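Below: a set of structures, written as structure tokens.
Both complexes shown next keep subunit A, but they swap its partner, so subunit B is in the first and subunit C is in the second.
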Partner chain A sequence: MKVVGPVLFWSTALLALAMILSDLFFMYVPSILVTLFWTVFLVAILYGVVRQNLLSYFVRRLVSSLFVIAVIATMTFFMLRLLPGGPFDEEKALPDHVKANIEKKYGLNKPLLNQYWDHMSGIATGHLGYSYKYEGREVSSIIKDAFPVSFKLGFYALVLSFLIGVPLGLVAAAHHGTRIDAAAMVAAISGISLPSFLMAPILIYIFSFGWPINKLFPGFYEWMLHYDILLPAALWHSPRHYILPVVTLGVRPAAFIARLTRTSVLDVIHSDFVRTAHSKGLSEKVVLYHHVLRNSLVPVLTYAGPLVAGILSGSFIVEIIFAIPGIAKYFVQSVFNRDYPLIMALTLLFSVMLIFANLVVDLLYKVVDPRIDVS
Partner chain B sequence: MVKYLGILVFLLLMACQPSRDTYVVQDDGTRLKLPYHETLSTVITSEPPKIDWLLSSDTDSSWIEEQIMEGLVRFNLQEPGLKLKPALATHWEQQEEGRVWRFHLRKGVEWSDGVPFSIQHVLDGFERILNPSNAAIAVDNIFPIKNAKLYNQGKLKDFSKVGVRAATPWIVEFELEQPMAFFPLLLTHHTTFPIRLDVIEKHQELWTEPKNIVTLGPYRMIHWHHDSRMVLARNENYWGDKPDIKYLVFYMIGKPATSLRMFERGKIDFMRDLPSTEIPRLSQKPEFEFLPGLRLYYYGFKVNKAPFNDPRVRKAIALAIDRSQVVKVLGGGQVPLRSWVPTGMFGFDDDVGIAFDPQKAKQLLVEAGWGDAKKWPPIVIGFNTEDKHRQVAENIQAQLKTNLGIRVELKNEEWKTFLNGLRSASAYNLFRLGWVADYGDPHNFMAIMTSFSENNRTGWKSEKYDALVAKGLKETDPKERLKIYHQAQKILVEEEMPVIPLFSDVNQLLVSQRIENFHNNVLDLYHFANMRLKK
Partner chain C sequence: MKQEDSWWLQGFQKLKNNRLALICLYFIIFICFLALTAKWISPYPFDEQHIDDLLKSPNTTYWFGTDKLGRDLLSRIIYGARMSMAVGIITAVISLLIGAVYGAVSGWFGGWTDSIMMRVVDIAYSIPSLVIMILVKVVFDSMDLFDNPELKALSGTLIALSIVGWVSLARLVRGQVLQVKEMAYIEAGRALGFGHIQLLWRHVLPNILGPIIVMLTFRIPANILFESFLSFIGLGLQPPFSSWGVLASDGADLLESFPHLILFPGAALFFTMMAFQLLGDGLRDAFDPKMKL
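Up next, the complex of A and B:
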């Protein structure tokens, strides 16, 4: 039985790696790989739940989540109807009978409670309906196209933020009170304070327009333009396009994680079991990586739950500035367009992600620190 | 460590494709190369809501439809004057002084899938857009056709009673409600293009996807990555002159500042919708092209509430606004406008409208009993949130303060909230709106302000004006029409003043130096089939 856990863990990791490589090298991820990854991932989680004797807790959480989602859907439905202006209002006003034709087509002429019932039963059976704005496109197909893009962007940004944040925090804590610590924390605070709508243009200006090279060495700049060496200023068509948006999106959480890790490591480093480990004669490295780091990750994980849900559902600003075809801008635009079915679907999507991410994080607590009783 | 460095360098090299060509990864994972010297890239502001030329009503969709489809006639954009040229109809003639029109169809034309074009496709198009169950939005343009409105309202079930029919297998006959001199102009609009019902029947909602769609125009759609980009390729099956540019790429980029960066990096060759705050800088560039278009920008009064229920007060406000200042703030080549019909259109009239005269304005206010600015109720100018509208509103706010001493409040709101506010009588006292020509005839503008028009949001009604507009529509002699529109405009922007025309807005573009044979035009219509790329 002991092998199953590691096998599941490593196959999830390997499949994820395969997807990343396939995406970076071929700009194409075969759908079979995606399906396989999600299957293994879910099986791994379920296995973890069963192993930790959390099945009844897990089921309880799922049932309460369903209730939460129903409440969210209901509130969204009625709040949308309170917004002034309807989906088909445009600068050019419509003749009354044309408006009536449209309302009839979309069932908007029915009594509100009937519409509510249609909507809820649609959601229950998995029919999210057709978008009002992108006529003839199913809401589910919009999400299917746009969500993986945001997911990819968010995923790379997450990986980046953990790869930078955790070591940075660890280094700062290990060199507590020195210049290294100060430098790391200055970097972290700058990263947190620099908003992405400022960060993005600065990065673009430097890495896409070649400032200050374009001013200092115009000849070299021309050469770079000719061979297209500078990074693209926008769009999302190849790995080259990923770099700037991923960095823009990843810097803030990276800085935050660095600070969290540092504080938490400093807390743990003074506890009794670390002193015991030291007095047992273990090397500094082993103590730091094995005893301290693992125990310091609990607060980071707490932050990671909402972070994962937030970052994977995309960032409006980053997607707009870099013209990335992700889901985040629909969160804003669907409201401007009063595209009721799309707004509803996105709200539910975000809720589900938040609930799911929190659930996974709660389960991970148990893995990181077996003393915690999540149920 | 060295090993990892090697991998990193290799990754970077893979990621850098040192070439200006564009690659498109198609649905099946294969890559299509679009060579730089054969590809023109441009930008639209959003995912086209639907490439269904009969049901779509937005500019992004229609711009693409103009490239891949065509109707009975087309505008000749190569020459000024907005003349028509034959397209799917070779020639046409009118009968009964313009109440009946007959269009002779071109023979031997094929759709992009090889099916021959026939008269049934034209008739199907009209049935489809008028059928109430399709809930077409931009349908009112074809209401001049006899019984079209009744059919669209569902009051008439028999389509054969609608005034569009096959006179012979190659002649379409239109019977109108009343004579209309400019009827052929309406047929340039994409809502009158032919359609293939069999394709829609087969693929249902998915018929506009690249693998399903069939078209007749100089280009055809080969790739559509939703929300990202669309690629059109030359239609080798096109009946007329084949376009010089082989591929067109339409990037969907919501933020003008982003598109501008792409343009400045040479990734985009042609862009409209420039960021308004950048206009003063961009107007210095050789790539900048502008032309006052058939676009009216105006302020309207809600005439039901004091003090604007008095025409003298409305007139005083109009007299106190120096339009040249407004235009200067925008700095993009807009032309101050006193008349209702914009510059560049038949019916434009320099003798109509009132000019800046603050002294007279004050005098009128005193006459009307509103001379004391302190006694004014709070005045609210409403507009939808956008830099440009804010710039205009702030300027007008300042002018009214200096010239009349009146304080006005600005209220900007999100688009649909603003439109909803316009419906109420009390949300704003003054509001900004615009109108872009659907077709090149003044009736399009005059009809907005009739008392029964949904687009008249002022609450102002004048039977005299309504009668003049109706008369102008029927009149076939251009000179007589001009006279009628002169009278009607006098009522509108001199005597009653429910609206203040401010300026003709401009079509502002950035056109790369490698594009040749580009002709700007007042309709803001750009057919890439006419353009060429420098080799």
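Up next, the complex of A and C:
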């Protein structure tokens, strides 16, 4: 029985790695790999839940999540109707009978409560309806096209932020009170204070246009162009296009994680079991990696839930700046267009992701540290 | 009361010895001073156009240069401070008031009240904040709530940010109240027959003020940043008013030819955010070292 847990964990990790590599090298992730990954991931979670006797907690959380989603859908529905202006108010007013026909087509002439009922039952059965503005397109097909791009961007940013943040915080804490610590924390504070809409143009001008070196040495741009080392400033065609947006999106969370890791490591370093480990004569490295890091990652993990939320909203700006064909542009645009079905679907999509991320983080939390009482 | 004073004094002493935090505090006070006296100290009115001086680089007449409509950038940054700081501070205070009262009631009364109120918080927490902000802002911008033109330009942003901001504060305050509630001095107060309001106001509040102040300091830069996000996606202030976010996102378009347009507002934003962050760190070290933020 003891083998199952690690096998599930490592196969999830390996499948994730395979997906990343396949995306980076072939620009394509076979759908069977995606299905396999999510299956193994869910099985792993369920296994952990059963193993830790969290089944009733898990079921309760799922039920309450459904309730929360229903409330959010209701609130969004009525808030949208509160917005001034309707979906078919054009600058040049449509003739009344044309407008009436259009509204009839989308069921907007029915009483509000009927519309509400249609909407909710549609969501419950998985029919999200047709977009008002992107004519003839189903909302689900819009999401299917745009969402994977946003997901990829967010996912890579998340990975990057942990890859930078945790080591940075660890190094800072290990050199507590020295210049290394100060430098790492100045970097982290700068990262937090630099908004992405400042960061993005600066990165673009440096890495896509060779500015300001190009100003000092004319010809530098051509040189970089010749050796093909400039990064593309927009769009999303190849892994090279990923670099700037992912860095822009990942820096702020990385800085937060670095600060959090540092405080958490400093907390753990002063605890009794670390002193014991030292007095056993274990080397500094072993203590740091085996005893301290593992225990100090728990608070960092709890941050991962809200982090997903932060990355979701941060990706709006990044997608707009880098002209990435993700979901962000639909979001802002659909609110202006009063495209009710699309706004509703996107809001629910974001909420579901947020709830799911928080649930997974809470469960992981429990698995990493069984002493914690999550319920 | 004596004991309490000494705790506060200790905190202030620690803060006084933290030179970095003090510098940040003075910097913030300076920015606030600029914001409040903008009318008198800014060299030009913020919306005055100098048609002959479009897109001038920094010079002796226009210290920070001019923008594409020939408006003096320094004046616009000073007036921008007014808007950015107003958004940051007002929304932080409003969301603090809502969050603190909500969290305190929830934590203090416990039981059913608590579970229902926390369920509401859970729901609010699961809605992506940007979604709510966009919807609320569009709704409230269409209403005329204020006569003052500056407040009118801000109203949607203020309400949207406050509605989003109170949730995390409510959680924090509830957690703190739950801890303090079990203390012996609260029990003693109850035995003396104090009412709920008196206990909460006189005995609970002073003991949870530290974390609240720290949280408030971290909220302000977050709100300033959110406002500039909104400005960036075209949902911010209405022209001709400007905040630092508006200025920076305008300047981003012309970065290569006219770097001063993004450099100065960007620097103002960056250093103010940094100052709040460092001041928050200092306050945390002084008043609540165990807090994890």
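Please note the rule applied: the second predicted complex is superposed on the first by the 364 of 375 C-alpha atoms of A that agree within 3 Å, B and C clash if a C-alpha of one lies under 4 Å from a C-alpha of the other, contacts with A are read in each partner's own complex, and residues count from 1 in each chain.
Criterion: a residue touches a chain if its C-beta (ideal position, glycine included) is under 8 Å from a C-beta of that chain, and two chains touch if they have at least 3 such contacts.
Because the structure is predicted, anything quoted here is derived from the model rather than measured.
Look at A:354: by the touch rule set out above, it reaches subunit C but stays clear of subunit B. In the superposed model, A:25 lies in contact with subunit B only, and not with subunit C. In the superposition on chain A, contact is made by A:84 with both subunit B and subunit C. After overlaying the two complexes on the shared chain, residue contacts for A:320 are found with subunit B and with subunit C alike.
In the superposition on chain A, A:189 contacts subunit C only, with no contact to subunit B. Contact with both subunit B and subunit C is seen for A:209 once the two complexes are overlaid on the shared chain.
Ranking subunit B and subunit C by residues of subunit A touched puts B first.
Once the two complexes are overlaid on the shared chain, A:68 sits against subunit C while remaining clear of subunit B.
On subunit A, the patch touched by subunit B and the patch touched by subunit C overlap at residues 83-84, 209, 320. Contacts from subunit A toward subunit C in the complex involve residues 64, 68-69, 71-72, 75-76, 79-80, 82-84, 189-190, 192-195, 197-198, 200-202, 205, 209, 211, 260, 263-264, 299, 309, 312-313, 316-317, 320, 331-332, 335, 346-347, 350-351, 354-355, 358.
Residue ranges on subunit A touching subunit B, taken from their complex, read 24-28, 30, 83-86, 88-98, 101-102, 104-105, 130, 133-138, 142, 145-146, 204, 208-209, 225, 227-230, 232-240, 243, 320-323, 325, 329, 333, 336-338. Taken together, the subunit C residues at the contact with subunit A in this complex read 119, 122-123, 126-131, 134-136, 138-139, 142, 221, 225, 228-229, 232-235, 245, 248-249, 252, 255-256, 262, 266, 269-271, 273-274, 277-278, 292.
Here subunit B touches subunit A in the complex through residues 11, 14-20, 23, 25, 29, 46-47, 49-50, 52, 55-57, 132-137, 139-140, 152-154, 205-206, 208, 225-228, 251-255, 257-259, 261-262, 264-267, 414-421, 433-434, 453-455, 457, going by the rule given at the top.
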